[in-house]
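Got some structures for you, see below.
After this come two complexes, each holding subunit A, first together with subunit B and then together with subunit C.
And then the complex of A and B:
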């Protein structure tokens, strides 16, 4: 390592704590680099945590974008191996409805097979048996190896592994500007929102992995990337209507994927261009909700009578090719810019575009380029080395090994943390008492997250443990956890502020769908937190 | 089956009306689905804390005439409202429920999150402070039941310390309560309370508390005592060697459930009939009269009465129903005061005033329901299914529930007497 400039703190700085940044940090750390990752909020807060959580088989892209399809199926198989505890092997169906052109099915299957995706036509009767919630009017079905993947868990596992290899991870640290020496980026200045201090870090290479925010980050180095924010809205339903991923067998369109995950299922997405200055303030509109519902009911009519828990939206970081400033030919593929060759700015790389599914490949390409620039000759191993949580056996085996007769709650915990479950204290019955009944999260698990998973507030905790992600959306568990936090930090003011932000965040998701049972749930919350608690009261 | 009065809804309002009517010699039945707002109550009875424009109220009576004309207090009229305010304490005392505080001047209660919220009256388990900065003693010991997560001692301690009290925090472990843990979700208020209802176990609890005490003048406990055995509160107060104060817990509310059970008991003792675990599913009307109603359990058998009272609560209790583009009252389809579109119903800020909470039935001066602008002869509306008051924002939920119930009972009694 001594061949690097000794005044540099790190070999590489990564900006952005989404799955791409986290994956890049892990890959670089595995290759022996000294890594710093900075993230302005918590990990997985951008597009990473705001999508379907679909483990694409690639079938969706087979007809329109063979390259993406091939990348997807390869990564799909790799993630099943290295991130077993984040993946659920549900399988997927592409269904044709009476209004769809059934002849598309043949074209679709051929394209899948050409891309290396196992696609099998089954008859509608078998599809109904495989997935009883499917629209019974279906005229055709194709079985593909789709699954679901928990993006929070996946990001957290990458961060955890990077840290175990010496990487420094700074959350709530926002890039203010680059430290530039003539034509070279040699570091960054960040504002640390936790310590409320400005800090400087140096490294020969900085990677911009900030997703759609990468547009603004690049601007700070005087570089223009032609990005087009594309908003996608989704709805979360109150229980797991389907166990198999449901897609429409037609050209990709709006709201045609229904993905089961843990205790819920998600329909999405819409797609609309939004101005860059709106990316931090996204609201799901009534029109989007209507569209998602009407299209979703075509996949599974049960959705019309299922309670909607919340609505959310993410922004895809789409990039127009450099020779197309109008943005008409936008690629959904991976975009890796070496700003030295592209813009004459040394020491800066941007990795963007791509998908949750291809995060590992994006990280691999990026780490390859970083190593090349640093003159490090180390091969990528992330396709073979399992992530923490998936290092040992299957979730079933972990549960059986940890508890002789695991309960459903213990299985859920093992599902969330894989083999890291051994780090969760369960010495006595208090550790095992439930904080969150919907998702069966225990006191021990919450404490583990507070102590070891960089949890700064209740919304972070929700991403690490699913506290408050279930049917009641954190009705009472939020207050329980806030109480635990107040005790742990010996300060109730911060915990209460946290509780308020959690409730506001929760309501922001419920607001677009606030009718029926969702409105009832909110009325109850209002009475509990305003009425019983008076939480909005100002302290004198 | 034929009654003088049939009441839909067994919450605070429905039970109050039922008891008053039964005591007037009328034969009443209450159809109650089971849970109601009292199950998550704070144990306080708000009268009027805040005006619709946000101004805080210290004496409710003098502000009645400043409320909008469609507010239930205005519909009843100031004189009736104030007269009935003054009957609340005696009425509850007559039911064996002690209340503290005053309807004339608001005071403050300590909440589970360590905030001070105004209220008029409260169950006498609780202590009310005259000001937000008040204190009840110099040195306090806050005692929790070990591992009970719905009572956050640190929140309470910080609040009391802000007001100049010295606080210690402890917890007590009792073998009998620990047994609840065999099931990880059983450490909840009502389950704990069932164990502590036993005189012997509660005595043991008091002994453990005494061991923790040094020179504290006062002990603060979670309000999880006396679910089915209200006398246990006195046992505890007697045995603990310091003043005992309770602070409400997160739901379910033990004092709230106890109060509801007590009111139910009084109603039944007076000869009233409870149909528990049942709901009215449809009604037969002719002209301006309700002829009969049908319930889930009775099926085809109709329930008849001379008069009907709708006390079905708000959205949470399903007294009102919302769809993506409308709000309606599901039993009779009566006229409502409510906003047109969803954008009006809700505010994006959780803690801001949410208009939908103020929605509900539009009524005549005698609290009769209206349909297409015409009044029903024998259908009355009380409690939170009434529109015109944002009971949460204004802090008037219990007051509206009780005085509208009492007023309708008077109106029906007068009518029957004619």
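And then the complex of A and C:
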């Protein structure tokens, strides 16, 4: 333990509140380290919250990237165990359509089996029975252990667990620069957007876990990482069209995964390189919407008549290998840089690449390196210890034990928070009344989020509870939660500003798909807020 | 589980959460346990599609009155979504009580044979107490009386033969009520149709329309009845007859609940199945039929619009027909559910809700103080008669009383 500096506030600082940063914070805290996590916005705002929410079986990578495939299936099995309240075990199908080469199926199945993924060829008829929404023209199908995972819940559970073991989590705190002593990073300077103050924190090790933003973070330490932002756009549909994940059995391509998650389903993604300076300004283009729809309908023709709730895009943090600055040889695998050996900068580590599925493994590798550097001999236990919310039984059992006759709202709450429902007040009529009617979020749940889940604004609240994520996109619930926030924070002016930004954020996602019922809904919403309530939606 | 077929059909995604349905729901203001049509319907459906576990048992409080559907500006079949959810996710085997209440044919056939005994027994206090405790049929409820002998038997014995003398025919779907409880309604229908020059035929085989089976979860039996009825109706329609009914609920069930809830196609005969008052009104309107009324007929009548009549949009025909009677002073009551909803109000757990729903209607009837109430639905009739003491008559029966039969027959003779 000779490298501990008693004047340091922490043993390790983690920059980035995505699932990787949160997972790393948990892992380090579990190994007894004093952890600080800083995030410039809210948790899970980057790529973590902007993907399919697919619990990959690894089958998608089996043919092209065996290593990723093997990592996926291992982590898949671990997440089912440690994060059961975030995971839905839906199963997945890889279907072949008449336009696809059916001979690819054999190659695919062989590759899956070689990677340890249970892939089973089934009859198209069986596939139609298993998932009635599947394109009935399918010529072949392979069953794999895909599922869905809620990335917001997963990140929040990691943060919660890290906090319970003493970690400090600072959201809305942006890294300004590193505190560098010659060839060593000894800490960070951050601007805290909540307190509006600059703060300094010291630790012998800083982990850069900022995803694509890690490129810029590393530059602040004078280090170059060859990152290539790749935008992926997705569409959210108004309800679950399918209950089994649908993939195309062909080489990975655009818009060939349809994932049922919670009350909705998501089709994606597109893939296009974008300049680094655009990563904070994501928008979905009409061409992308067209592509997603035309390809999506091939997986499930029902999508053509299903309401689209919204469109969103995320940026994958792709990293070129060090010996290939052109970026042609891009890996989707996990990239862990020890900048001491790579660049001669001590005290700084970058963890990037990878995917939502492998966040825990990325955290494990990172924590291993941190521990090695600190001389701490502690083994990783995150693969065995369930996350908060997943410590008890299934949602059904939790509801049965908590309430005599659970309402659907109480069941929905249990579905979102697992065994943490014991912390949510639902005993009187007020606490169990609904705030968000589409997703059935209760007053008790919103209060719990305000009190315990680091909620600073209504958009944060949405990530913790699904408030405003349903069909009406905030039309009925936004004003209610704004009222509750005004009470919780004792400030109605801020709540009103928040209401505007919340509604505008909802509109941003609806805009690319604003036709039909989505547009009707929004017009009605505008009429309620601008017309009836007199809310000026232009932000100050 | 194939649920996809129904999704775009019921249009639940057209719901823009305006919540008008909940405002029009008669249950919401009187039963706080019921989450209301929006929540129980399009909102809950999204969770149920995730997992049947999210089904909420309180959906049983839905009356299936369909007033939510009438109110919805977005064309969402809210009532159907709720009923389908109950069918799919609700209690799988109905209670004995529910089976008894729903098996109108079985109970009716048995009861009409020994009607005086059954009627007497059902009115006795200890019997009511036993039914209340054991079967959970509320003791405050008055049972509709069973008739001695069915309408079908009467028709075969007394009316069938003379029908041959007419040149044009309609087929009559009498329903359980006219058959087992109140054959006079069937007799009135035959008299009126004969007077305006139509012969009446019965269907080859008529079974209960199945509405009570649907609401009590006996879907298999309901489907069986529906198939039998539709095949009889098809035969009648094939012989160039309209199929008329004197019950708004039977009519509505056969026309709309068969395809929507039982998933049994009826598109080929749906338009041929209608309510007697609509048919008569249209014939009068077109000049095919002329009515002559008794000069001495005087009555102050209050018309109640049953929920299913509201859904059909046909109360206007019954009302206009009643207005044709010179001696009738007609008050159209505010459209308000009476609360009985078929077998719903008979159940002990629903009695209070049922009476609370109907209260505004009962109050209005007392205020209007008519000679009697007119209504196209038999279960509304029981509820209103029990709750207000006013007699309730079917518009066809009122027509039978008010028509100058001799004169009408003469007017319509070809």
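Quick note on the criterion: the second predicted complex is superposed on the first by the 533 of 540 C-alpha atoms of A that agree within 3 Å, B and C clash if a C-alpha of one lies under 4 Å from a C-alpha of the other, contacts with A are read in each partner's own complex, and residues count from 1 in each chain.
Methods note: contacts are C-beta pairs under 8 Å (C-beta built on N, C-alpha and C of every residue); 3 or more make two chains touch, one makes a residue touch a chain.
Given the structure is predicted, the values throughout are model-derived calculations rather than measurements.
**Student:** Which holds for A:507: it touches subunit B only (first), subunit C only (second), both, or neither?
**Tutor:** After superposition on chain A, A:507 lies in contact with subunit B alone.
**Student:** Applying the document's definition of touch, where does A:434 land relative to subunit B and subunit C: first, second, both, or neither?
**Tutor:** In the superposition, A:434 touches subunit B and subunit C alike.
**Student:** Does subunit A have more residues touched by subunit B or by subunit C?
**Tutor:** B
**Student:** Given the touch rule stated above, what does A:277 touch, subunit B (first), subunit C (second), both, or neither?
**Tutor:** In the superposition, A:277 touches no partner, neither subunit B nor subunit C.
**Student:** Kindly classify A:530 by the partners it touches after superposition: subunit B alone (first), subunit C alone (second), both, or neither?
**Tutor:** It touches subunit B, and subunit C stays clear.
**Student:** By the touch definition at the top of the document, which applies to A:520: first (subunit B), second (subunit C), both, or neither?
**Tutor:** both
**Student:** Let me test your reading of the model: by the given contact rule, A:490 touches which partner, first (subunit B), second (subunit C), both or neither?
**Tutor:** first
**Student:** Counting only touches as set out at the top, which of subunit B and subunit C does A:377 meet: first, second, both, neither?
**Tutor:** neither
**Student:** Classify the contacts of A:470 with the two partner chains as first (subunit B alone), second (subunit C alone), both, or neither.
**Tutor:** second
**Student:** Applying the document's definition of touch, where does A:479 land relative to subunit B and subunit C: first, second, both, or neither?
**Tutor:** first
**Student:** Using the superposition described at the top, list the residues of subunit A that contact subunit B and also contact subunit C.
**Tutor:** Touching subunit B and subunit C on subunit A: residues 434, 437, 476, 520, 524.
**Student:** Taking the touch rule as given, give the residues of subunit A at its contact with subunit B in the complex, in rising order.
**Tutor:** 283, 286, 289-290, 409, 429-430, 432-435, 437, 442-443, 476, 479-480, 482-484, 486-487, 490-493, 495-496, 499-500, 503-504, 506-508, 511, 514-516, 519-520, 522-537, 539-540
**Student:** Contact residues on subunit C for subunit A in the complex?
**Tutor:** Residues 1-4, 7-8, 12-19, 35, 38-39, 42-47, 49-50, 53-58, 74 of subunit C touch subunit A in their complex.
**Student:** Where on subunit B is subunit A touching in the complex?
**Tutor:** So the residues of subunit B touching subunit A come out as 37, 40-42, 111-117, 132-133, 146-147, 149-150, 152-155, 157-159, 162, 178, 181-182, 184-185, 187, 248, 250-251, 253, 314-316, 318, 321-324, 342, 345-346, 348-351, 354, 356-357, 392, 397.
**Student:** How about subunit A: which of its residues touch subunit C in the complex?
**Tutor:** Its residues touching subunit C are 132-133, 238-241, 243, 260, 262-264, 302, 305-307, 395-396, 405, 407-408, 411-412, 415, 434, 437-438, 440, 470-472, 475-476, 517, 520-521, 524.
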